[in-house]
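Chain naming follows the written order as A, B and C, and within any one chain the residues start at number 1.
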Amino acid sequence: MHMADALISPAVGGTMWVISGGLIAFSAKKVREEADDRKIPLMGVLGAFIFAAQMLNFSIPGTGSSGHLGGGMILAILLGPWSAFLVMASVLAVQALFFADGGLLALGCNIFNLGFFTCFLAYPFIYKQIAGNSAGKKRILLGATLAGILGLQFGAFGVVLETVFSGISELPFRTFILMMQPIHLGIGVVEGLVTSSVVMFVMKVRPEILTAVVEKAPIGVSIKKTALSLAAAAVFTGAALSWFASADPDGLEWAMLRTSGKEKLESNGKVHGFLASLQEKTAFLPDYGFKKSIAEPGVAIKEGEQEGGAGPGAEATWPAVDPGTSTAGLVGGFITLLAVAVTGFALKRRKIAA
Amino acid sequence: MSHYMVEADDLQYSYPDGTEALGGISFLIARGESVALVGENGAGKSTLLQHFTGCLFPSGGLLKIAGLPVDRQNLSAVRRSVGMVFQNPDDQLFMPTVFEDVAFGLLNLGVPEAELEGKVMAALETVGAAHLRGRPPYRLSQGEKRTTAIAGVLAMSPDILVMDEPTSSLDPMSRRRLIALLKTFRHTKIIATHDLDFALETCQRTIVIHRGKVTADSSTAEVFRNAELLRRSSLEAPASILQRPCCGGAV
Amino acid sequence: MTIGRNLVDIGYMDTLASGDSPLHRLDARAKIFTTFLLIIAVVSFDKYVVSALAPFFLYPVFLVVVGGLPSGYIARKVLLVAPFAVLVGVFNPFLDRQVLFHLGAAGVTGGWVSFASILARFALTVSAALALFSITGINSLCEALARSGVPRPFVVQLLFLNRYLFVLTGEAERISRARALRSCGGTKMGLRVFTQIVGHLLLRTLDRAERVYRAMRCRGFDGHIRIVKSSGIGRPEIVFMLGWAVLFAIFRFVNVSLVLGEAVEGFIR
């Protein structure tokens, strides 16, 4: 689920960086306010623990494939949402820096996808509400599983949105969603199972740890709570709407079953227009498929229909390409790479000689 | 103002769950003495050591460090007098490089940055680790970690040096170097150890702890020649005594 | 992803970072800034651009050579993480079949061009970042972050995480190996065993955290981690940053490959 730089546009990457950066700053402020000295070594060591735990694979029963622990939930349970978020962010940063597991520009996206939803949505609104202070096994299992599912579904959805809005990959929205969400449903369930079993293990062997943490954990924010849930709802409904809107005939037929024909077409145009204007504002170079759809409402966005070439009235989605320019470009490209390699050798020679 | 560095008077400690760890310990340690603390696992050595640094407070009785009772009020003063070297150096070397780790305590004491370099290097040179200054701790050998930890403590110029199993996991060469180093220190030393040969070489006095109580407190040689005492405290004489029949060993 | 190999990886990267070269001596902030410029320049290209990306490779090559990094090492690491980019980009040739131009008789579709573009961007961004951090090392990085205004709790978190990374992954490896040795033939562990291992590891981690905290308190820890400062931003750093910024600007707005290619073709004719 770690995104790479190659798939992100600067606009998307930059925006997510700003958001994640803000979240980090805010969490840091909260942690400082808590003024719990103990947390400083604890967070660091737990971060290393998550790293180590992620390197251990286990076989998922019934599927034959292997899984590993995400860890965000366990962190949130042990540390509370703010500290857990900082730890997740630090783990992802080190993974990006030293393992190239996720790009640098994409780090903002990754921190948001993997940290925000788990620590600020899934944990406080699902796990804590269900399992919270009480220690029942069933509640822990239920809470952890639901929280895992929710956190990962949102996270996967985040990946899809960010990739699609960047417009580098040709993967169409629907295909991507259909690929990502079911897989991450399974991953979410597994995450929930593993989290709950680890929590139950700790409870059996050293229950005082959990009670101590639970008592110390700051009670959630009230205004922020509503704001967060509203934001989550907005993301979800926006996505759902665009899914309906962008769908090819099958999806539209399904939507037709629920609404009358007229309503469907209207909302189509509106959402198209909305998404298109959004794209214009966020896209660095706005020559993506969305624009095409304004001219021809109802045409699927970025689906295979592009094969036929631009329809009447639709703008060309790529600059006119002169065959001559392209071959020159290719030749030039190779020569440049050669030049770079030669420069490299020359520098090396100079270094050794010096 | 007492001239004893450490005064324990009927010191008692019980864990939160009620188990008694220390059942009335009393001793006096004068300035410059080197005292070994020996006893089987679970006897209470670690618990006692934690009292010296104010990590634990007595449940009963009294403990004074450099004349100050160990309690919340005197905590920072006590911690400035006592330098503790932990059993596992990984727990103690938590900064990114050796230099920064030794500097940690100094910075906390408010030493200005201009003096930092001098003090850190002096401490590192004392333990012979000056060449390690830029190394991250995880690239140090056990012996190097141990000496770096000692440097970190030395830099704070404590009056009392407390060490918990300093020779554990050291190879013979490093162990020998540690013994030589400790012999050059004039600090008051309290060393908890299972390495009885080490105790024999570095400490003139030994206190034996058994089940939370002091069962012996005299010169190291005397303690280790008392076979009956050692047996009762679940210990045995160090190899260097066992092999010398004139000192009471079997051979 | 085996544990052992990853341990060696981080350890190796850190060893590289303690090398000595003109690049190593530069303030980390200059290096980070420049690498970010590269990433942004590369990523801001249109999706069908391939040849214009070529000159940007000069930067990672420069870092590797002047920084004294083993060249094969970076290339291998890039290849290692390449499958992900391939996975997402591989759909492009199937979905975008508008022929952009012809190479002799064969038509090259937009899908292939954008796929190639993705791969090229990937190689550039990943190699530049890896080279950067092989030269910088996490400690200098954290110092740079702290001095750039990143919140202190986060920087401290990165430092501690890095410090105990080896310790914990080492523990995990040992437990894992012990289990493997006792499980006749079965290589993968089931959920129950995994839970036991992770559970024990977690408890040991919590104990360790407590001991570290105690050690910190014994040396006067009062809640503030103070970071020792090293050199600052001087002339070499400014030259480095400006020089590369100018180059990147040129590469971004002038298709150097095209210019060269046309010159060569013109010359041939």
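Simple rule for what comes next: contacts are C-beta pairs under 8 Å (C-beta built on N, C-alpha and C of every residue); 3 or more make two chains touch, one makes a residue touch a chain.
What you see is a predicted model, and the numbers here were worked out from it, not measured in a lab.
J.: Where is the C-beta contact count highest, in terms of which two chains?
T.: A-C
J.: So which chain ends up in the middle if you average the CA atoms?
T.: C
J.: Could you state the distance in Å from the CA-based centre of subunit B to that of subunit C?
T.: Centre separation, subunit B to subunit C: 44 Å.
J.: Counting only Cα atoms for the centres, state how far subunit A is from subunit B in Å.
T.: Each chain's C-alpha centroid was found; their separation is 51 Å.
J.: What whole-number Å value describes the gap between the mean CA coordinates of subunit A and subunit C?
T.: Taking the average C-alpha coordinate of subunit A and of subunit C, the gap between them is 19 Å.
J.: Residues of subunit A touching 2+ other chains?
T.: Residues 41 of subunit A each touch two or more of the other chains.
J.: In subunit B, which residues are in touch with two or more of the other chains?
T.: Touching at least two other chains: 94.
J.: Can you list every residue of subunit C that touches 2 or more other chains, as numbers and ranges?
T.: 138, 159-160, 162-164, 167, 208, 212, 216-217, 221-222, in rising order.
J.: Per the contact definition, I'd like the list of subunit A residues that touch subunit C in the complex.
T.: 2, 4-10, 13, 24-25, 27-29, 31-32, 35, 37-38, 40-49, 51-53, 55-61, 66, 69, 74, 86-87, 89-91, 93-94, 96-101, 103-105, 163, 167-172, 175, 193-194, 197-198, 201-202, 205-206, 209, 284-285, 287, 302-304, 306-307, 309, 318-319, 321-323, 325-337, 339-341, 343-344, 347-348, 351
J.: In their complex, what parts of subunit B are in touch with subunit C?
T.: That would be residues 50, 53, 55, 76, 79-80, 82-84, 86, 88, 90-92, 94-97, 99-100, 103-105, 107-109, 113, 116, 134, 136-139, 152-153, 156 of subunit B.
J.: Which bits of subunit C are touching subunit B when the two form their complex?
T.: Per the stated touch rule, the residues are 11, 14-15, 18, 138-139, 142, 159-160, 162-164, 166-167, 208, 211-212, 214-222, 226-229.
J.: Under the touch definition given earlier, write down the residues of subunit C that touch subunit A in their complex.
T.: Touching subunit A: residues 1-3, 6, 9-10, 13, 35-36, 39-40, 42-44, 46-48, 50-55, 57-58, 61-62, 64-66, 68, 77-78, 80-81, 84-85, 88-89, 91-92, 95-98, 100-103, 108, 110-111, 114, 117-119, 121-122, 125-126, 129-130, 133, 138, 141, 150-154, 156-165, 167-169, 171-172, 176, 188-199, 201-203, 205-206, 208-210, 212-213, 216-217, 221-223, 225, 255-262, 264-265 of subunit C.
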